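Chains here go by letter, A, B, C and D, matching the order in which they are written, and residues are numbered from 1 within each.
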Amino acid sequence: MLRDAVLVAGKDLRIEIRSRVGLNQIGPFALAVLLLFGLALGPDRRVLAPASAGLFWVAVLLSTILGVQRSYAIESVDGARDGLRLSGLDPAGIFLGKAGAVVVQLLVLETALAVGVALLYGARLSGALVLIGTCVLGTFGLAAVGTLYGVVASGLRIRETLLPLLFLPVVSPVLLAATKAWDEALAGTPGRAGGWLDVLAVFAVLYVATGIVAFGPLLEDG
Amino acid sequence: MRASTRTVPSERVAVALRVLGVASLVGVVATVWLGLFVTPPDEFMGNLVRLLYVHPPMAWVAFLAYGVASLASLLYLWPRTRSERFDRLAGASGEVGVVFTGLTLVSGSIWGRPTWGVWWVWDPLLTTTALLFVLYLGYLALRRVPGEFHVRARRSAIGALIAFIDVPIVYLSVEWWRSLHQAPTVLNPTTHKTYVHGSMAWTLLLGFVSFTLVYTWLVAHRYRLAELQDAQDTEGLEIALAERRAEAVGR
Amino acid sequence: MPPAVRLHEAVALAGRFPLLAGACLEVGEGEVVHLRGPNGAGKTSLLKVLAGLLPVHSGEATVLGWDLVADRRAVRGQVGMLGHESFLYEELTVEENLEFAVRASRGPVVGIRPALEQFGFTGRLASIPLARCSAGQRRRASLALLVARGARLWLLDEPHAGLDQDGRDLLDELLAGSRAASRTVVFASHELERATAIADRTVHLAGGRVVEPPKTPESVEQAAAHVA
Amino acid sequence: MNGYVEAGYIMVLGTLSSYGVALVAREHAARRRVGTAAVEESIATSADAPVTDLTSPAPRDTPVVMPGELEQDAPGRAP
């Protein structure tokens, strides 16, 4: 399973490095979202700075949808599912591999977004350990749910609209917990973020486990 | 395996369903009559207390419906209990659950406006309910995706369980999120205990019972509708198969 | 020896449309079978069922000893499919594509280089992204993948399409050597001359079933000529 | 009372009753359709065409279908 996961993740990341869709499109998209939040909330830093954790995570959530869609788009357009199924790979391995590749890309994106939040909203990045821990745990949860629903949607004609509808409500606890953890870290009280990190960890573990079990049947259907 | 879709519900089921329908209708009418005209206004909330005879039952039925949908999905996924009936039950209960969730939100909001002065507060229960509403709207959208029966059924069942796992996490994190902020000092209906006494308590109890009966009746009818639609699909398949085989002869 | 492929009254569906409407077919180990039939007769669907891609709604299906009704995943590592889609990644080179696919199916990695050379992917050509390859080159890449994976059953959907003369000859050579390599091949093709030359027998499909060869005017005339 | 109470009751009762009525109506419509489809089907697969039950296919031993069988399979709906 892990061998297959590494194989799939390596393949996805290699394709990403070649095509640079993440770098050239998803990154700028996330930046545009940050700028639009700034415009929507006005130039007042006293408004923007306290909201920066939430805005950061909303931007991450929206980017995850694009990242997951891209992750399934690279499976050669219409033969996507057939190719993966014919490959003889362990479905759980495919799930972990694809989710893993999404995690890596999102973590890179989050680093850039964190800098963006600091520069644009004047958020003071403190409590680095909590910030990073939140990103890692939260991203695992997001990537797991995204990859799971991504395979449901990937074979369907209505995938572009179905994926966000399925994905966003389910990951609402991630948005909540990650935002609160970041709030505590940015407010200089990272010690109080522990409980929120627990929520993120539980979420990630539950959905990674669900994915390992449910990905196979979902890949077969369609 | 598909043959079961053909069974026309027996007379006894039809009669039972009709009795159930009459009972729930009587129950609701009685609840409304007691709620609006018999019970006295509350000393703190005045007439607004009358909304509380319908709002908590709505929420209870919504959660019951999701519980039933999740259980049915689980039973469908479990190989030994796999049956088309559980898929239909999950779908029926999920849809009725969404209707009741919508009503929970609307009735809560209508109660909140004069009580709190706003249509919406970020109360943990209210927020969780709203998230559940969109979560299960997604489930219904997933169910509507066409496909071969067992493919669609399995996909939907997995979708229902993904949503179900989420419910406690959503509830706990929202609860915790709210408790960290100091809630606005409003009259909180869950801590305000004096409103349930005498005829009011009976009315509320009757509300719970009769709306649960309404739920059962609706699910039964939604289930029968799904059964008929599936039977139609099966018949369509048989015709399609005959047509497909006829292609070979036309040449 | 049990047959490599056995279908009995197999029905496969796309939504409510029966792609296969009760197909029966037996293919022996090492046999090369040509599927023939008009568009929409179910040739591609039959191949997909054999690859374990399409579920069997009812009937029986056994491929290489695996019961596809019970489990259609197990057989896939042993099956090589050449479909309309290439199942190759645009951004990867031909060599990387082959390496990924062979590793995924736990095939022999040492077979990659000879397979590449056999299909003319030498030097720089093996290391340019697939996106820059022509349609014919992609087809060759898919064939190289088939060879490199070393599958026991080949399922080919219009394998000649898009290939140049050399490529076609190469393909025919490969198919002709199937029995020696104890490899079973089922392929669909409209190129009747080539197909009948390399196939051990031809199976006709119509309306999602295996049928007797239809009586064309020529064949009727021929029959009449024989009688006369 | 005060408008809110009435509005709440009307919303709840109105939604539930219209949902219930819609369900029953759809159920009746579906029942009618299934009935007609069943009739069509019985015409389509009249006489000896063995296609009515998918789950238990008629036993056939030869992989190649005999022409005679094909005739049999031709349902009455074919033009």
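Just so it is clear, contacts are C-beta pairs under 8 Å (C-beta built on N, C-alpha and C of every residue); 3 or more make two chains touch, one makes a residue touch a chain.
What you see is a predicted model; the values in this text were computed from it and never measured.
**Student:** Can you give me the shortest step count from chain A to chain D, moving only between touching chains?
**Tutor:** Graph distance in the chain contact network comes out at 2.
**Student:** As a test of understanding: of all chains, whose mean C-alpha position lies farthest from that of chain D?
**Tutor:** Chain A.
**Student:** How many angstrom between the C-alpha centroids of chain C and chain A?
**Tutor:** 39
**Student:** Whole-Å distance, chain A centre to chain B centre, using C-alpha means?
**Tutor:** 31
**Student:** Go ahead and note the Å separation of the Cα centroids belonging to chain C and chain D.
**Tutor:** 37
**Student:** Averaging only over C-alpha atoms, locate the centres of chain B and chain C and give their separation in whole Å.
**Tutor:** Once rounded, the distance between the two centres reads 49 Å.
**Student:** On chain A, where are the residues touching two or more other chains?
**Tutor:** Touching at least two other chains: none.
**Student:** Note the residues in chain B that touch 2 or more other chains, in rising order.
**Tutor:** Within chain B, residues 147, 151, 236-237, 241, 245-246, 248-249 contact more than one other chain.
**Student:** Multi-chain contacts only, two chains or more: what residues does chain D have there?
**Tutor:** Expected reply: 54-55, 70.
**Student:** Which residues of chain C touch chain A in the complex?
**Tutor:** So the residues of chain C touching chain A come out as 48, 51-53, 55, 72-73, 76-77, 79, 81, 83-92, 96, 100-101, 103-106, 129.
**Student:** Chain B touches which residues of chain A in the complex?
**Tutor:** Going by the criterion above, the answer is residues 145, 148-149, 152, 156, 158, 162, 165-166, 168-170, 172-173, 176-177, 180, 195, 199, 202-203, 206-207, 210, 214, 217-218, 221-222.
**Student:** Would you tell me which residues of chain B are touching chain D in their complex?
**Tutor:** Those in contact with chain D are residues 1-3, 28, 32, 35-36, 46-48, 50-51, 54-55, 58, 99, 102-103, 106-107, 110-111, 113-114, 214, 217-218, 221-222, 224-225, 228-229, 231-232, 235-239, 241-243, 245-246, 248-250.
**Student:** Note which residues of chain D are touching chain B in the complex, please.
**Tutor:** Going by the criterion above, the answer is residues 1-2, 4-5, 7-9, 11-13, 15-16, 19-20, 23-24, 26-27, 30-31, 33-34, 37-38, 40-41, 44-45, 49, 51-55, 70-71, 73-75, 77-78.
**Student:** Quick one: in the complex, what on chain B touches chain A?
**Tutor:** 131, 134-135, 137-138, 141-142, 145, 147, 151-152, 154-155, 158-159, 161-163, 165-166, 169-170, 172-174, 176-177, 180
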